[in-house]
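Following this line, the structures themselves.
Both complexes shown next keep subunit A, but they swap its partner, so subunit B is in the first and subunit C is in the second.
And now, the complex of A and B:
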C-alpha cells in the first residue's frame, strides 16, 4: 500500500471581505497517497484552488492542519515553504506562464538553477530527460512564441517535473487547449504518473481531464461533497 | 544564475536597453564633465602658476603685505645668494626670479614726440639660454611676430597691445616707470617681437622683458620682486608645497623683520583655495543630482518592467524561488545593466573628452573683461580617475532604482498566484 503523503485535517480557510467573512474551505479532511492521479472537481468558488494553494504551501489554513510530504504547512516559514515548493512540488498553470525570453531548454532548466547543489552536467541530463518525456527534444532551442499552445503546456509540464518532484499540482491544465492537445497532455501526465510514481492533483471542471482521473474529490461551498476512486 | 540573467537581459531589450541607455547617457555626462572640470582647473592652476605665482613663491614680508601693488621698493635683495641657497636646499624645485612692474609705454614718432601711449603691466623674466622661463611662459609658441629678445634692451609686447599702439618688431618703445627707490625711470627698448598668450588678462597689455634689463632700468641690481619655485614635474602638489613652505618659513621668516622672506603656496597666493573647494563641491553636487535623477528614472523603468514581468515573478515565486532570491536577482540585473551602461557611457565620455583635450574649445569672447589667469582655449584633461568616476554613480543609480522598484515583490501574496497566473 502506498504511503500517505498529504494529510489534511479539519482545515478551514476564511477571508475577510469587508465586514463579511468568506469561508473558502470549511472543515475539510482528506488524505492523499503517493502515486495518486486525483482531481478536485467543482464549480467556481467551491474551494478547489484554495485547497491547491494550501497543499502547495502557497497559503496557510485559518484553522486545522495540513501535512504535506512530512511538513506541517501551517508551521513553515516563507523560506521553508519556498524550499518545499522548490524541491518537492511541481506546478502547472492554466496559461503555461513560460518565461518568454528564454528557450524551451532554459525554461525547463530554470527550476534546477534554483537548486544550487546541481552541477551543469546533472542539469543538462535532467533537462534532456524531461524534454524526452514530453516529446519536445527537437524544440529545445525554440522560444515559447514559436510553439503552439499544446507545446507550451508540454514545456510547462517538463518544467514541473524536471526536478522529479513527488507531487505535481495542476490548475486547470487543459483550459486553454483544444481536445486533441488536451488528450496529449493528459496522456503525458498519466505516463509520468505511472513511470515516476509522481502524485498529480488537479483542480478542474474539464470533462477531458475528469475522464482520466483515478480519484475524484467533489467540492462545493468549501466542503468535500464526494470522494470517489474510479 | 548570472549567465541565465545575462541571457534574459540581452534578449529582452526593454529590460536592458532603456535602462542601460539612461545610465550610459548619465555616465557619459559625468565622465565628460569630470574631464572638463579637470581641464579647466589644471588650466587655471598652470596659467596662474606659470604667469603669476609659481607653485611656491618667496618675497619679503613687506612685499607680501602689498603684493597686489607689485611694490618693487620692498623687493628681495641679494638675489644671487638666495638663488644659490635655494637651489642647494631644494634641488627638486626649479627657482626663477621675476619682477612685476607697471608703467606707461610711450611710442615716439620720427621727431621723438609721443605718437601713442598706453599703460602696461610688465614681467621681467630671466631669458638667458639655461632659464626655464621660455618654457614656463611658452614664449616660443606665444610669439606672433618678430623673435624672442636676444640682447639687453629688447622686449616683447602683447600682440593686441602692439597693434593698438601701432608698433611692430624693430620699433623703439619707451617705458616710463619708477625705480625701486622711487625716482622716475625712463628707458628706451627695442621691440623684439609680439606675443599672444591666449590669456585675455595678459594679452590686453603685457610687456615681457629680460630680468637683467629691467633690473638696470629700475635700479634693482641683484634684486627681484619675487622668487618663484616650480616642482620639477610642473604639477602642483598642495601637500608638497605646504611641506616646503613650512620648512622654509620656519627657517627664514622673522616676524620682527619685514624684509625677511616668506613663502606662499600657489593656492594661498592666488586665492584659488575657495575656488577649488567650490569646484569640488559643485562636482559632488552634480554627482548627487545625477544619482538622484537617474535613480528616479530607473525606478520608474523598473516599475514598468515589474508590470511587464508580473507573470514571470509569479511563476518564479510558485516554483519555489524565495522573494529575497528574486529581489537579489533583480539587483544582480541592475548591477549588470549599471556596469554595461557605465562601460558604454565611460567609453563615449572619454572619446569626447580626449577630443576636447586635443582640440580645445575657444572661450576667448567670454573672458574679454576677465582678469583671471585662464587660457582662452579650454581643454578637457583625461586622468585615470575619469576611467572610473562614472561607474560609482552609474551602478549606484541603477541599483537604487531597481531596489525601489523591486520592493513590490515583497507585497506579492503567494496565495493569489494561481488566480493571478490564470490570465
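And now, the complex of A and C:
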C-alpha cells in the first residue's frame, strides 16, 4: 500500500471581502497517497484552487492542519515553504506562467538554478531529459511567445517535473487548450505518473481531464461532497 | 543560487526596453559628469585667473595694509627689503604702491585706488609694458568693470587727483591705454594702474611699495627679522579666500542643480522600475511558486535594476569618454552675459574631470539606482504568493 503523503485535517480558509467573509474552504479533511492521479472537481468558486494552494504551501489555512510530505504547512517559515516548493512540488498553471524573457530551456532550468547544489552538467542533463519527455527538444531555444498554447503547457509540465518532484499540482491545466492539445498534455502527465510514480493533483472541471482521473474528489462551496476512486 | 546570472538574464531578456533604459541612464551619467566637470573647470579657471593676474605665488603685504580699509593706505607703504628688491629686479616679483585718489571721468567723480606697478614685471599677467607708452597724459590701465562703471574706453582720458606724501593735492590727466578683460575684483573694481616709478614720484614716496606680488614659480625669499616684522607674507590660500568663498557658493548653487538633475533622473528610473516590476508581479508570483525565497527575489530584481546603472556606466564610459575629452579640449564658449557674473572666467570654459567626479558620480548613481530598484521589489515581495500569482497588488 502507498504511503500517505498529504493529510488535510479539518481545514478552513476564509477571506475578508470588505465587511463580508468568504469561506473558500469549510472543514475539509482528505488524505492523498503517493502516486495518485487525482482531481479536485467542482464549479468555479468551489475551493479547488484554494485547496491546491494550501497543499502547495502557497497559502495557509485559517484553521485546521495540512501536512504535506511530512511538513506541517501552517508551521513552515516562508523560507521552509519555499524550499518545500523548490524540491518537492511542481506547479502547472492554467495560464502556463512561463517567464517571458527566458527561452524554453531557461524556463525549465529555472527551478534547478534555485537548487544551488546542482552542477551545470547535471542541470543540463535534467533539462534535456525533461525536454525529451514533453517532446520539445527541438524548441529549446525558442521564447514562450514563439510557441503555441499546447507547447507552452508542455514547457510548464517540463518545468514542473524537471526536478523530479514527488508531487505535481496542476491548476486547470487544460482550460486554455483545445481538445487535441489537452489529450496530449494528459497523456504526458499520465506517462510521468506511471514512470516516475509522481503524485498528480489537478483542479479541474474539464471532462477531458476528468476521464483520465483515478480518483475524483468533488468540491462544492468549500466542502467535499464526494470522493470516489475509479 | 546564481542571482547575478538570473538578473542578467532578466535584463537582457527585456530586449529593446532594457537598452533604452540603459541608454537614457548613460546620458544622465554623461550629463551629470559633464556638468560637474564644468563646475570644477570653472572653479579652477577662476582660481587660476586670480593667481595669474594678481595673487601670483603669494604676496608680501606692508604691515599697515588692510585691503578692507582704504584709510590705511596713507600709512601702508615702506621701502622694500633687499631680498624683495632683488626679486623685483629679476622680474620675479612685482612691487605695487597703493594710494587713494579721485578720478573725474566725464564730469563725474569716482573714488578709486591708484596702483603703481613695475612696468617690467613678469610676476603677473597685467600688461604693464603698455604703461611705458609715451603720451602727454599719464598712461593707465583699468579693468573692464571699472571701464563700464566709469564710462571709459581705451584711448579716453580723465583727470586724476591724488595727495602726495605731505598731504598736498595734485592732479594730472590719465589716458586709458588698455582695458583688461578680467573680473578679478582686486585689480578691476575701483582700481587704476599706472607705472610704479611715476607714482612714486607723484606721491613723493621713492622706493616705496604697499605690497609685493611674487611670481608663481619663484622661491620664497628669506627676509631678515626686521623686514619680516614690516612685510608679512600672505599665501595663495589666504589671498584666494574670497574666490574660494564665491566658488563654494557657486558650487552650492550647482549642487542644487545637480540634485534636481539627479532627482529627475532617479524619478525616471524609479518610474521605469515601478512600471517594470509592477508589470511583472505575476512573474514574481511564478518564481515564488517555483521555490525562490523572497530575499532572493528582492535580490534578483534589485540587482537587475542596479545592472541598468552598471551597464549605463559602461556605455557612458564608451561614448562619454571621447565626448567629454573633446569637450575638455574645445571647452564651452561663454556668451557676453557671463562677463556680468562677477568672477573671473575666460571666454572659453574648460571642464575638468577628476577621478573623484567620475567615480563619485558613478558610485552615487549606481547606489541610488539600487535603492530605487529595491523599494518597489520590497513592496512586491511582501505580497502572498497567491496574490502575486494573480497579479494582485494590495
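Throughout what follows, the second predicted complex is superposed on the first by the 230 of 230 C-alpha atoms of A that agree within 3 Å, B and C clash if a C-alpha of one lies under 4 Å from a C-alpha of the other, contacts with A are read in each partner's own complex, and residues count from 1 in each chain.
To be clear about the criterion, contacts are C-beta pairs under 8 Å (C-beta built on N, C-alpha and C of every residue); 3 or more make two chains touch, one makes a residue touch a chain.
Quick caveat: nothing in here was measured; it's all calculated off a predicted structure.
Undergrad: Do subunit B and subunit C fit side by side on subunit A in the superposed arrangement, or is it a clash?
TA: clash
Undergrad: Does subunit C touch more residues of subunit A than subunit B does, or is it the other way round?
TA: B
Undergrad: Which holds for A:53: it touches subunit B only (first), subunit C only (second), both, or neither?
TA: both
Undergrad: Touch check for A:12: first (subunit B), second (subunit C), both, or neither?
TA: neither
Undergrad: Could you tell me if A:111 is touching subunit B, subunit C, both of them or neither one (first, second, both, neither)?
TA: both
Undergrad: Could you tell me if A:94 is touching subunit B, subunit C, both of them or neither one (first, second, both, neither)?
TA: Only subunit B is touched by A:94; subunit C is not.
Undergrad: On subunit A, what residues does subunit B touch that subunit C touches as well?
TA: 53, 56, 58-59, 78-79, 82-87, 91, 93, 97, 99-102, 106, 110-111, 113-114, 159
Undergrad: Using the touch definition from the top, list the residues of subunit A that touch subunit B in their complex.
TA: Those residues of subunit A that touch subunit B are 49, 52-53, 56, 58-59, 78-79, 81-87, 89, 91, 93-95, 97, 99-102, 106, 109-111, 113-114, 159, 171-172, 203.
Undergrad: Can you check the complex and tell me which residues of subunit C touch subunit A?
TA: 1-2, 5-6, 9-10, 12-15, 282-283, 285-296, 384-386, 389
Undergrad: Considering the complex alone, what residue numbers of subunit B touch subunit A?
TA: Those residues of subunit B that touch subunit A are 1, 4, 7-8, 11-12, 15, 311-312, 314-325, 414-415, 417-419, 421-423.
Undergrad: Which bits of subunit A are touching subunit C when the two form their complex?
TA: 53, 56, 58-59, 78-79, 82-87, 91, 93, 97-102, 106, 110-111, 113-114, 116, 159
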